[in-house]
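Following this line, the structures themselves.
Two complexes, one shared chain (chain A), two partners (chain B, chain C).
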Partner chain A sequence: MSLLEVNDLRVHLFTDRGVIKAVDGVSFAVEAGRSLGIVGESGCGKTMTALSLMRLIPQPPARIVSGSIRFDGEDVATMAPDRLRALRGNRIAMIYQDPMTSLNPVFTVGEQIAEAVRLHRRDGRTAAWARAVEVLRLVGIPDPDRVARSYPHQLSGGMRQRAVIGIALACDPKLLIADEPTTALDVTIQAQILELLRRLQGELGTGIILITHDLGVIADLVDDVIVMYAGKLVEHAPVRQLFAAPRHPYTNGLLRSVPSLETRERRLQTIDGTVPPAHAMPNGCRFNPRCTLVQDICHAQEPPLNDVGGGTQAACWALV
Partner chain B sequence: MNIPISKLTAIGAGLSLLLILLAAFSPWIAPLDPLDQSFIAANQGPTVEHWFGTDSFGRDVLSRVLFGGRVSLAIGILAPVLSALAGVWAGMLAGYLGGWTDRLLSRASDLLMSFPTLLLGVMIAAALGPSFQSAVIAIAVALFPRFVRLSRSATQVVRREPFIDASIAAGRGTVSILFHHILPNIAGPLVVALSLWIATAIRLEAALSFLGLGAQPPTPSWGNMIRDGMSDLVGDPWPAAFAGAAITVSVLAFNMVGDALRDLLDPETGL
Partner chain C sequence: MTAPLLAVQGLTKHFPIAGGQVKAVDGVSFDVAAGETLALVGESGCGKSTTGRMLLRLTEPTAGSIVFGGVDLLGLGRSDLRRRRRELQIVFQDPYASLSPRNRVEDIIAEPLDVHGLCATREERRNRVIELLRLVGLDAIHLRRHPFEFSGGQRQRIAIARALAPQPRLIVADEPVSALDVSVQAQVVNLMQDLQEKFGLAYVFISHDLAVVRHIAHRVAVMYLGRLVEIASTETLFSAPHHPYTQALLSAAPVPDPERRRSRIVLTGDVPSPASVPGGCHFHPRCPLAQPVCRDTVPALRDVGGGHRAACHFAKPFPIPI
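And now, the complex of A and B:
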């Protein structure tokens, strides 16, 4: 049994202007000690998917309308609130995008990690503080004793993101969800943080879900990738396979819009158009207005997610 | 203004503290019993025996101002503090939870805000019957909606910070988030407001006891000293003048503390 099994998840937003299907029938699984990347443009539903895994979606307007999220044999989608609180931060932890604002400015880093420990364990203050220092050392912070006594504003961006990852790791979670963990950081720091996540995955056997729009980050870190477009899962593949032989035209477009150092191209390719607004989704395949391989059937019928060989699943009538 | 903030803070804080100490230790400081009447010494101006003069009953005005400070400052400080204890929680709940909780609490405080503060205080004090306790309750209720509004809007700002989402994701419950994450981050403006509204409460107390709705005679308070002095303002202006001066000085002192704290905590904008 997988650590996490998401089956036909549907998250809808009930707004005054109608129902927005933010996540529309997404299924995937994460094994212990493995990592999954979720990629797609902004608004494709990747963050909504991630937030649903701990039921952190803003309710209202969002609601999980159907599907199951089985974590360790329990369904998160229907879990009681107190079970949910015991799960959050303890067995599933989350790293947010911006390390500048995901720490409380009025407490020291050590206090915040120790608090996270004491929320879920019956540790005393001294034990929790010791754990905080230990965790800071684990995430590669030199002089963890001093950093534990520092306030967030006294630390650099990279240090802060390490501290944020430290808080997430404080209770030895089985699954770590990282929502664009490196977007707000310098490129050099970015590489260090990715290296850290890879090391932790190896050392602690934590399952990782990495959400990003940066394909470079995906290539660096994850085992499997799912590509989302307008709330739908359009391609699911092992990372090497995805980069070597993308099958969905959208994935292909994404990969071709990344500049490469090896090949010389005059002009970087782009995907024409933008994601259609949620209340004006086209019939059939949602990608059809922007697709270069569009056929008649693409306007008529939604393509199902099929095995297309090489361990890849893709939802497309006209594969690349 | 050329006075550096720290100096202004020191003056305001020092003056406030001095006033509180004088009031607290008035039984030991006051030269005479504030209730001791003497018909021979009635209606005197300042003399060596009576620095602030005497009132129409021959009572020592200095002693009465000191003892009056006990009542006036006790109400002036106690009422806003009680009001803050209730109002801050209500405001945090409204700002954090939103929805129906917010609508209910906000409309309730709007309702209270729609009355002028003094009128509301007078109505409550009159309904409860004049006494020390009812003055405290009246002023606390009159200030309550201000604390609700302030902490509600400050909470709404902090609520949007990612570290709040992060702590929900870490498994914290609502009360724990309010106490650990919201309160420490909104404490600054609340402390400023508290010190400014202590000044407001001192004025309200004076107004209530001037109208006979505060502490009852013969117990002196600054407001009822002015009320007593009013009957013979031309013949013996001293009791009203010194009680009025005491009100002015303490309102000024607490306002100075509030202004200085505000500049210190938030150099850009006012409250």
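And now, the complex of A and C:
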């Protein structure tokens, strides 16, 4: 049994302008000690998917309308509130993009880590503080005793993100969800944080879900990838397979539009047009207005996710 | 050799703070030729945006000179400066913040035309705006719309059309594609290259994204804590970086290829606060090659061959050992 199994997850937003299908039938699994990347452009539903896994979606307007989220044998989608509280920050933890807004400015870093520990483990103050210092050391902070007594504004961006990861790890979560964890950081600091996540996955056996728009980060860290477009899962593949042989025309376009560090082409490949607005999705395949392989059926019917070989699943009529 | 379009010498900006000053930019010198793209790269706080703003005197330099088209901009009075700025435009990072939300696209793009009195009649003004919209891949139907009706990529096109309106010779582009999704980013990068070819524009392209820089720039200048640490042609900089900071920066950039998960040069520590920079070479506390001399003596930006300059006592064309 997988650590996490998401089946046909649907999250809809009920707005004045109608129902927006923010996540529309997404399924995937994460094994212990493995990592899954969720990649896609703004508005594709990747963050909404991640927030659903701990039922943190803004409710209303959002609601999980169907599907199951089985974590360690329990269904998060229908879990009672007190069970959910025991789960969040304990067995599943999350780190967010902006380390400044996810830390409380009026408490020291150590207090914030100890709070999570005391909440879930009923440890005494001294034990919780010791644990706080221990996790700060674990995330590679050189002087953990001092940093534990510091306020967030006294730390640099990279240090703050390490502290945020420290809070997430304080209770030894089985699953860590990282939503754009390095996007706000400089590239030399990003490299440090990616090394850290890799080490944690290897040493602690933590399952990781990494959400990012950055294909370089995906290629660097994860084992498997799902690609989302306009709320749909369009491709699911092992990372090497995805980069070596992308199958869905959207994945292909996405990979080709990234400029390379090694070679220099005269023009970058692009995907024509833009993502359609959420309340005006085309019928059939949502990618059809931008697709180069479009056929009649693409306007009429949504393509199912099919095995297309090499461990890849893709939702495209041209591959059926 | 003809004089460069833009020649910057010893450009410096010190911001006063309580108990001292922040040397945001500390004696930066470079040239940009007509029709050339020079990229300014570096991490947050390195002074690249401040440098870009100073080129238009949107931020007043503390010292230095900026000679543009043979005229030192720092010696100009207000009205002369305004006239000169017709040829020197800027595009900002955030297309949501740089376009006035209450104005229509026509008036946004026509603003530089109005400021410089470039159109005699309303009809001429409208035709010119339509021409500009088409140049950036938009259309006359967009004239009467407001910025909120556009996507991020389209807004950046509008900002580019506005910058193009007075027919500038140089555009400072400060992270122009960083806020855009990759597929849209590629469209805007292609557009900027097309426009450069068409009008012989020069760009000062400010970015932290090395892959985009590799694609668009002819030459690259790397900044660290207010100083230029290396400048070279794009090919040279990416194939034979001399400064250990440049080497680490290139090594840290994630490559979209899982077959090449690399052993990186992972720098320890963070970029120090610009308010308390280390003495000597600014990079020495993080540098794997640091020697006592690096703590005491600021390395000069010296020629290491063929116009390639690096500011390191031990600059050499091999990546530092990991």
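We adopt the following convention: the second predicted complex is superposed on the first by the 318 of 320 C-alpha atoms of A that agree within 3 Å, B and C clash if a C-alpha of one lies under 4 Å from a C-alpha of the other, contacts with A are read in each partner's own complex, and residues count from 1 in each chain.
Methods note: a residue touches a chain if its C-beta (ideal position, glycine included) is under 8 Å from a C-beta of that chain, and two chains touch if they have at least 3 such contacts.
All figures in this text were calculated on a predicted structure; none of them were measured in a lab.
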Joint occupancy of chain A by chain B and chain C, clash or fit: fit
Touched partner set for A:167, first chain B, second chain C, both or neither: first
Partner chain in contact with A:93 - chain B first, chain C second, else both or neither: first
Partner chain(s) touched by A:67 [first = chain B, second = chain C, both, neither]: neither
Touched partner set for A:158, first chain B, second chain C, both or neither: second
First, second, both or neither for A:144, with chain B first and chain C second: neither
Which superposed partner A:284 touches (first chain B, second chain C, both, neither): neither
First (chain B), second (chain C), both or neither touched by A:107: first
Partner with the higher number of touched chain A residues, chain C or chain B: C
Superposed model, angle subtended at chain A by chain C and chain B (C-alpha, nearest 10 degrees): 80
CA minimum distance (chain B, chain C), superposed complexes, angstrom: 16
Intersection of the chain A residues that touch chain B with those that touch chain C: none
Touching residues on chain A, where the partner in the complex is chain B: 54, 56, 85-90, 93-94, 96-98, 101-107, 115-116, 119-120, 164, 167
Contacting residues of chain B [partner chain A, same complex]: 161-163, 165-173, 176, 180-181, 184-185
Residue ranges of chain C touching chain A (in the complex, touch as defined): 43-44, 151-154, 181-187, 189-190, 193, 208, 210-212, 214-215, 234, 238, 248-259, 261, 264, 266-267, 270-271, 273
Contacting residues of chain A [partner chain C, same complex]: 41-42, 156-159, 186-192, 194-195, 213-220, 239-240, 243-244, 253-255, 257-262, 264-265, 267-271, 274-275
